[in-house]
């Protein structure tokens, strides 16, 4: 059975291709910027991914959360570190964030299982 | 066939268990606070559940709406009372809340049918 | 010295007059609806004002908070009851609501002092 | 196979009927206003639909986006024009809007295919 | 006496200079994109400014509203047209937008008076 | 002349005292949690303050931004590091965040000047 996270990956890839078939230069530039903004700089890429994760949770966007969770796991953050980062989003954003915590817990389970393979 | 609301209940229970497998004390405390904040006090529990419902609608969170609808029906609020509470959220939050009104109408139908059994 | 709340009242009255000099029927109708939605119905006016207060806090709008605080005090709600209502908004909306709690505490102080005169 | 957009249409119709079985006059009036606000006036209906689309994207509501996309295509706007309108919502609302751009690209594909039939 | 709108202009200019003293390429690029996104394209600049105005109102940002009001007045839109555009933001965003309608009415009064000089 | 940041500090202290004169246990607990959540844990306090800063910017709360800027400067983060953190909030949250970037630039100027004394 396909895990939700795998569906997300596939839909995201297809969807991005569809969006980038736009003629809008603004849209294209925001997509390209989105790739570059998280690179190592005065802050390292890992920290920036955690910042992106917390911003995504505070603004309550599951797809954005999933994307940054993947990056955080790829960077070697532990479950405990990611849980602490998410707790900041929960505190700042309130109990309305709880359903996104449930979503993230499900995604993390998949990502850590995959990483261990 | 399983109603959306039953799926919500099951997913919510599983998801909460997954979240509470966290090491973050902040997250655990917010979950425990979420249980206690709606208890009888200077305002009764029922009024607080309506407040939670309207906050959840204004912030547009279907899972949160479903949870507070269940509590409101359990407390004996009528359809008309709940409809009036939701109309305040719609007015304050705008037409962007309409899809959540549709979601809530579907949930309420289930909850009142279940209550009558 | 003029209290912030008195400035709010004056600005609100002037501002509403300026908005209602619009030709937009939609805008006029929303303003008129805003007056009628909080009337007694299946829920009493007082409860609806608390709902409006909590929606305004969750969406973080100081002017809207001030307006509903005035209505709640006029309806005879105690400080403790209003504090409990606001605590629901704080819990649902998160620590980002705290500055609006500070604003509301200042407004409430003025309103209760005025009510006692 | 049914396209997501067709499901949306069906669910929306059913859901609206369920909401309008309310006794709340406020809710009924907001629904009726929602129909009238986009009519030709000092601005033409087409421009207003684009405004509704961008407001819906900035506030991140897929159902609202779908509704206004349908109206924009019905009014004869080209893909390029709609893409530019959406790029404003993306710029103002940030990368958190990207998943809604993906959703919209999928809906637009359906709507233009349908329009060509 | 200085009108609020003149203070806004001065603060905005100073503030932008301070922000652009950043080393962050992402921030610089978003500022430069913000200038280019509203240029004539498949949609004309005027329509895009109205879209920016409505997105800013729906997201409730007074400074952003003021900026787009200035652009809309410069493009020759009438009070009635701008009022209709703003009514869409009010309808979609709800009564929580009302304080921003008051703010905008005050700004528009200044801008039209200035334009007539 | 008093800098805006000094006014913020004074108002914040007074306001928090007024809020904590509440009888609501929920409100008291959220305030106490807000102090503890940023302590060293699996992530260090500095990283958590940056996370709090970015969440506050994405949710567009100037007072919250100011508070976390103070903490970040106290922890020894450089202007460049803080600028990069804020650029993530700008990218995720969109151009609507720009006025808060202007506010933050003004606060940072004060905080670094104060730190150098």
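A, B, C, D, E and F label the chains in the order they appear, each numbered from 1.
Simple rule for what comes next: a contact is a pair of C-beta atoms (placed from the backbone, for glycine too) under 8 Å apart; a residue touches a chain by one contact, two chains touch by 3 or more.
If you're wondering where the values come from, they're calculated on a predicted model, not measured in any experiment.
For the pair chain B and chain C, chains touching both partners: A, D, E, F.
Look at the CA centroids: the one farthest from the centroid of chain C belongs to A. Comparing chain pairs A-F and A-D by the number of C-beta pairs in contact, the larger count belongs to A-F. Computed from the mean C-alpha positions, the centre of chain C lies at a distance of 26 Å from the centre of chain E. Annotation: 31 Å between the Cα-based centres of chain C and chain D. Between chain B and chain E the centroid-to-centroid distance comes to 37 Å (mean Cα coordinates, whole Å).
Residue positions of chain F touching 2 or more other chains, listed in rising order: 23-24, 26, 30, 33-34, 37, 41-42, 55-56, 58-59, 64, 80, 83-84, 87-88, 90-93, 95-96.
Within the complex formed with chain B, the residues of chain C that make contact are 33-34, 37-38, 41-43, 47-48, 50-52, 54-59, 64, 78, 80-81, 83-85, 87-89, 91-93.
Chain F meets chain B in the complex at residues 23-26, 29-30, 33, 36-37, 41-42. Contact residues of chain E toward chain C in the complex are 60, 79-80, 83-84, 86-88, 90-91, 95-96, 98-99, 101-103, 105-106, 109.
The touching residues of chain C, when paired with chain A in their complex, are 58, 90-97. Of all the residues in chain B, the ones that touch chain A in their complex are 11-12, 15-16, 18-19, 21-24, 26-27, 30-31, 34, 55-56, 59, 61-64.
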